[in-house]
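Per-chain numbering from 1; labels A, B, C and D assigned in written order.
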Amino acid sequence: MIKAGIVGGTGYTGVELLRLLVSHPEVEVAQVTSRSDAGIPVADMFPSLRGILGINFTEPDPDALAQCDVVFFATPHGVAQSQMPALIERGVRVVDLSADFRIRDAALWAQWYGQPHGCPELIGQAVYGLPERNRAAIAEAQLVACPGCYPTATQLALLPLLENNLVDPSHLIANAASGVSGAGKQAKVANLFAEVADSFKAYASAGHRHLPEIEQGLRDAQSEGQAPAELTFVPHLLPMIRGIHVTAYATLLGEPQDLTALFAERYKSEPFVDVLPAGSHPETRSVKSSNMCRISVVQPQGRDTVVVMSVIDNLTKGASGQAVQNMNIMFGFDESAGLQAAALLP
Amino acid sequence: MIKAGIVGGTGYTGVELLRLLVSHPEVEVAQVTSRSDAGIPVADMFPSLRGILGINFTEPDPDALAQCDVVFFATPHGVAQSQMPALIERGVRVVDLSADFRIRDAALWAQWYGQPHGCPELIGQAVYGLPERNRAAIAEAQLVACPGCYPTATQLALLPLLENNLVDPSHLIANAASGVSGAGKQAKVANLFAEVADSFKAYASAGHRHLPEIEQGLRDAQSEGQAPAELTFVPHLLPMIRGIHVTAYATLLGEPQDLTALFAERYKSEPFVDVLPAGSHPETRSVKSSNMCRISVVQPQGRDTVVVMSVIDNLTKGASGQAVQNMNIMFGFDESAGLQAAALLP
Amino acid sequence: MIKAGIVGGTGYTGVELLRLLVSHPEVEVAQVTSRSDAGIPVADMFPSLRGILGINFTEPDPDALAQCDVVFFATPHGVAQSQMPALIERGVRVVDLSADFRIRDAALWAQWYGQPHGCPELIGQAVYGLPERNRAAIAEAQLVACPGCYPTATQLALLPLLENNLVDPSHLIANAASGVSGAGKQAKVANLFAEVADSFKAYASAGHRHLPEIEQGLRDAQSEGQAPAELTFVPHLLPMIRGIHVTAYATLLGEPQDLTALFAERYKSEPFVDVLPAGSHPETRSVKSSNMCRISVVQPQGRDTVVVMSVIDNLTKGASGQAVQNMNIMFGFDESAGLQAAALLP
Amino acid sequence: MIKAGIVGGTGYTGVELLRLLVSHPEVEVAQVTSRSDAGIPVADMFPSLRGILGINFTEPDPDALAQCDVVFFATPHGVAQSQMPALIERGVRVVDLSADFRIRDAALWAQWYGQPHGCPELIGQAVYGLPERNRAAIAEAQLVACPGCYPTATQLALLPLLENNLVDPSHLIANAASGVSGAGKQAKVANLFAEVADSFKAYASAGHRHLPEIEQGLRDAQSEGQAPAELTFVPHLLPMIRGIHVTAYATLLGEPQDLTALFAERYKSEPFVDVLPAGSHPETRSVKSSNMCRISVVQPQGRDTVVVMSVIDNLTKGASGQAVQNMNIMFGFDESAGLQAAALLP
């Protein structure tokens, strides 16, 4: 059993992490910090944990956190940059669910997040925690930067095409839709039930912060000499709590081939990517509460546009589940430990 | 006051038509037919009409319907093809909300609808009821074929680009999402609350029946000599009752220009198309229960992909509201008569 | 045409009032005030009003508001108490949608609202705006205090029983459930989509502010000499935007009788109360966006407990629609003017 | 490891049972029967089980099912009555999730279910599977009749009051509300998304089939000599998938006492009943996907009406979770085995 700490455990990724960790066979949840709620039982905020988790929120304290084998940051961007160094120094292994260490170019980070990067010296150590790309490096890493929710679903949808130079990289499209929990638990009018329910809209179409992260990941997957991947990324807000659906479009180059077979081959050893038979349409509910990503591929009317659909639970494979998957890899546990439960359907 | 009849008034487009017509200043609802529910008060099926509409469903009867000045078909495809000739013969003006007379090529219709066209001789008389394209012809028509819901939203999103040859017509994309009422009121497991709520998925990505209708409309808008419009159309099912959102993508050709201004100019005289300021994102709730289509245009990162977002209420501008708009044009009423109420928000 | 002003037009009752008034044949919306949004077009906040209402929010100013024939307060409690006197003095007729003048006992008001009443001298002038009880007084009133949403639905459910001394007044129960728009548009975590969707709970069971208002109304309806009505009132939060459902329970006294007939007789002249046939269950969607209250009565297993179910749209008959109904009565318009549209179904 | 079979595994209680059993440490799912879908992989119907459960649906066959140590019936009422005897005869232990053996009076069953009881000779052997009342008998039983969803939540809310003769038994009220999954997966217009979403209503107020089951259970809990419990039971349909909320009302007799303490004491050893602190309101989402029942008690305004609120997940503690709990008791497993996961929140 290892001891885990969570910095910033009062949000939705925090409670999802707790839900997963309290059932994990190799982990004891030792600390959950919250400046605003220190001293309060965690189960008072999240009654789903009554009778399951008995500890209180504590003030974040590096010495206390250093008692943990692994610390998760489930904080808004900027926080990990400031609190991370004290833990890295103390030798703690860290899984950061925030955006702080996902982008390798500190200037690009600063441009999209509207503030200077607070800890550029650690960026080089951070391993981008998409196991389907970086499993070996994750195993060795002290600091893993978990991918964002949209980036996870979008990259898994497009990687096999880019890795094999099958599409025009300069006109990629990802039409994405997310449940509202992706917007976090801040009290904002825009996220009220009466604003979100019974409606659908795009947002941030001029440029979402996940765009540079996705393009970085796609370009990493391209062969040398290819034009760099350029993505039009339009996120939409769904009137539901959990789930991301990405519908990606690209123009095929070269000879026709069996794309479903290609995807199935690419992901055949992946425990959390499930390629559906041709003609299927993945539903977000098929992955609700689970760490699975389900994908299907179609080439409508046999024309040269390929459509890839991928679904994840934004709080699980898109955040806390992937964080646990990374922890499992880092500590040599079964990669699926604590992540094997079937999705909740209906 | 004219007398209106509705054939097949028990579905969702039927009740929406009734909602609009009972408040229309120039119309009396004279007949609502239903084979299965003949004899039953309409308000027993739709309690929203208690105290407002006092008539009973009747058996469909051409002689009785011929007493009406206008007859609406709110029926599944195939019905209008069989019952329409008797009314056309008797000189009744007809607005068909079904798919029966939208496609000019009977063979293409047969291919997509899986049965021979039942009344090819009337196809030539049918005017495609998209007022933003065909207002003058609608005014003179005896038979108006109302556009489908997706086709309305998609064409309004793409027409200004195609009419002006601004985009590559061979790689158009329409990523569409619809509320469940678009699937009608048939008892199917797939449309149960517990199947649809809290989930999101694409469907019919290999080919939806609205595709040939949309491509026909887009091609009508192109200048001669252009390559014919080819659309990748992927519909998705939203966990909500009403509303369609289309996110259309196209590759720009030629010189940069102010696309929002272009759209605003194109639709400036249209009572039911509202082009939003640059940077806006239309929400489906902004048109709920109204006949309005709201559109915005964006060109992310200044790249050559243009994104057009359009929203309608699938039951109103996407069906029954547009039917009333067509009737208004046909009978020389104010085009907005009975359609001026503000959308229901929140 | 009269001129109407709205104080506090940025919330949900504000936009609902605007939706109704812009279609009202006798009213011009002259002013909508908002301290925080003065200068901004109203339609920028509520895109549903684009093309329909062209004015901007203004600072609240008594002299400007005194140009109006009627002023509506759609403000949180406390505001009307402070701004009302200046308008009353200037002779303006006022319809207050807030709780400020509903309770006749200033001390009781202070106890439930946690602050002293700011304008006790006007309480005596205020007429409680439940037309089904006070139509004549409303017609003459300068100041009408519109009932709360729960109080409207609960009183309409119980009045016929209490007016006729048919039930034990000391053990009345109202199990109520409301859509989230009843909680207003304030940014609170508790009202976020991800907190409210897909869940159901009671709240304020130890005492909700609407309780004294309801008991006051019920006691007004009782004959002299009866024990004063005592109500157990438990509100619940529904995962939907609009609609209130009250299920009221009482113990019958005296001889058996046809309760549905009794209710139908009581409300036969009421334009906005619809008593359903025995065996019916009113649905909130049957009144969505309409000013109607639908009621049904049942006596399960022929035992001595009567169950009355009533539904309203909390924003319409429960707030803004009833405010318009009161205005119609005050100004001698047709009581249904602007309120005749059928409910939005589905 | 024991082998489990499921008869009728295509509905919502079926897939919930599968979700729980595939993670159960002591159980192997050996057979899932379905007449209509025999031969099809279970995971084709429920993609949430892809990669987790590899078997196909089979025709129900008593000899094959007799290979199982335990067989669950997740069938509509009537089926277990006809197929059960062959299994009982072969010595198989059976957990019946349907209504077939819940009511001890065959004539009463016939009256409420509208058909003669098909297997009255086995009624005497059936143990009513509410562990909080019948744990010892369940441990010995060959045939356990799992309680209905409403009966579970209602009995747990009222038992402590009736066991202690604290309330007037002749005027009990249970105002209940359920998510739509309780209505099953049959294709009915009434359960379509567009009929259920965004609305709320009561149903079956004149008499729901769960009423006699609840009254039987409540009367079992009363002391001798008490007037038999009579319940007014009004169920309502919630626009959500999972969750039951019961708000029970009763008139207190005798001396005032700390009711929360009384409930806490009654349930202190129960692994799946959680009594909340005074002043709390249980939310259905706090038990979503879990086998927990959460309860709170309030006595508004210190009057003599007590209000008890209880929540369960209708598919878990209200059906399949309780079935697994019963199986655990029958086979001597840890009663919580396979049922320890935290609820899914948000």
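Worth pointing out:
In the analysis below, a residue touches a chain if its C-beta (ideal position, glycine included) is under 8 Å from a C-beta of that chain, and two chains touch if they have at least 3 such contacts.
The structure presented is a predicted model; accordingly, all values stated were derived computationally and were not measured.
With centres defined by CA atoms alone, the chain at the far end from subunit A is C. Ranking A-B and B-C by contacting C-beta pairs places A-B first.
Averaging C-alpha coordinates per chain places the centre of subunit A 39 Å away from that of subunit B.
With centres taken as mean Cα positions, subunit C sits 45 Å from subunit A.
Averaged C-alpha coordinates put the centre of subunit B at 37 Å from the centre of subunit C.
Annotation for subunit C: residues touching 2 or more other chains are 12, 181, 194-195, 197-198, 239-242, 282-283, 285, 288, 346. Residues 12, 179-181, 185-189, 191-198, 239-241 of subunit C are the ones touching subunit A in the complex. Taken together, the subunit C residues at the contact with subunit D in this complex read 171, 173, 175, 177, 194-195, 197-203, 205-207, 230, 232-234, 236, 238-243, 245, 247, 249, 251, 279, 281-285, 288, 298, 300-301, 303, 305, 307, 309, 311, 346. Of all residues in subunit C, only 12, 15, 18-19, 22-23, 46-53, 181, 198, 241-242, 274, 276, 282-283, 285-290, 292, 294, 340-346 touch subunit B in the complex they form.
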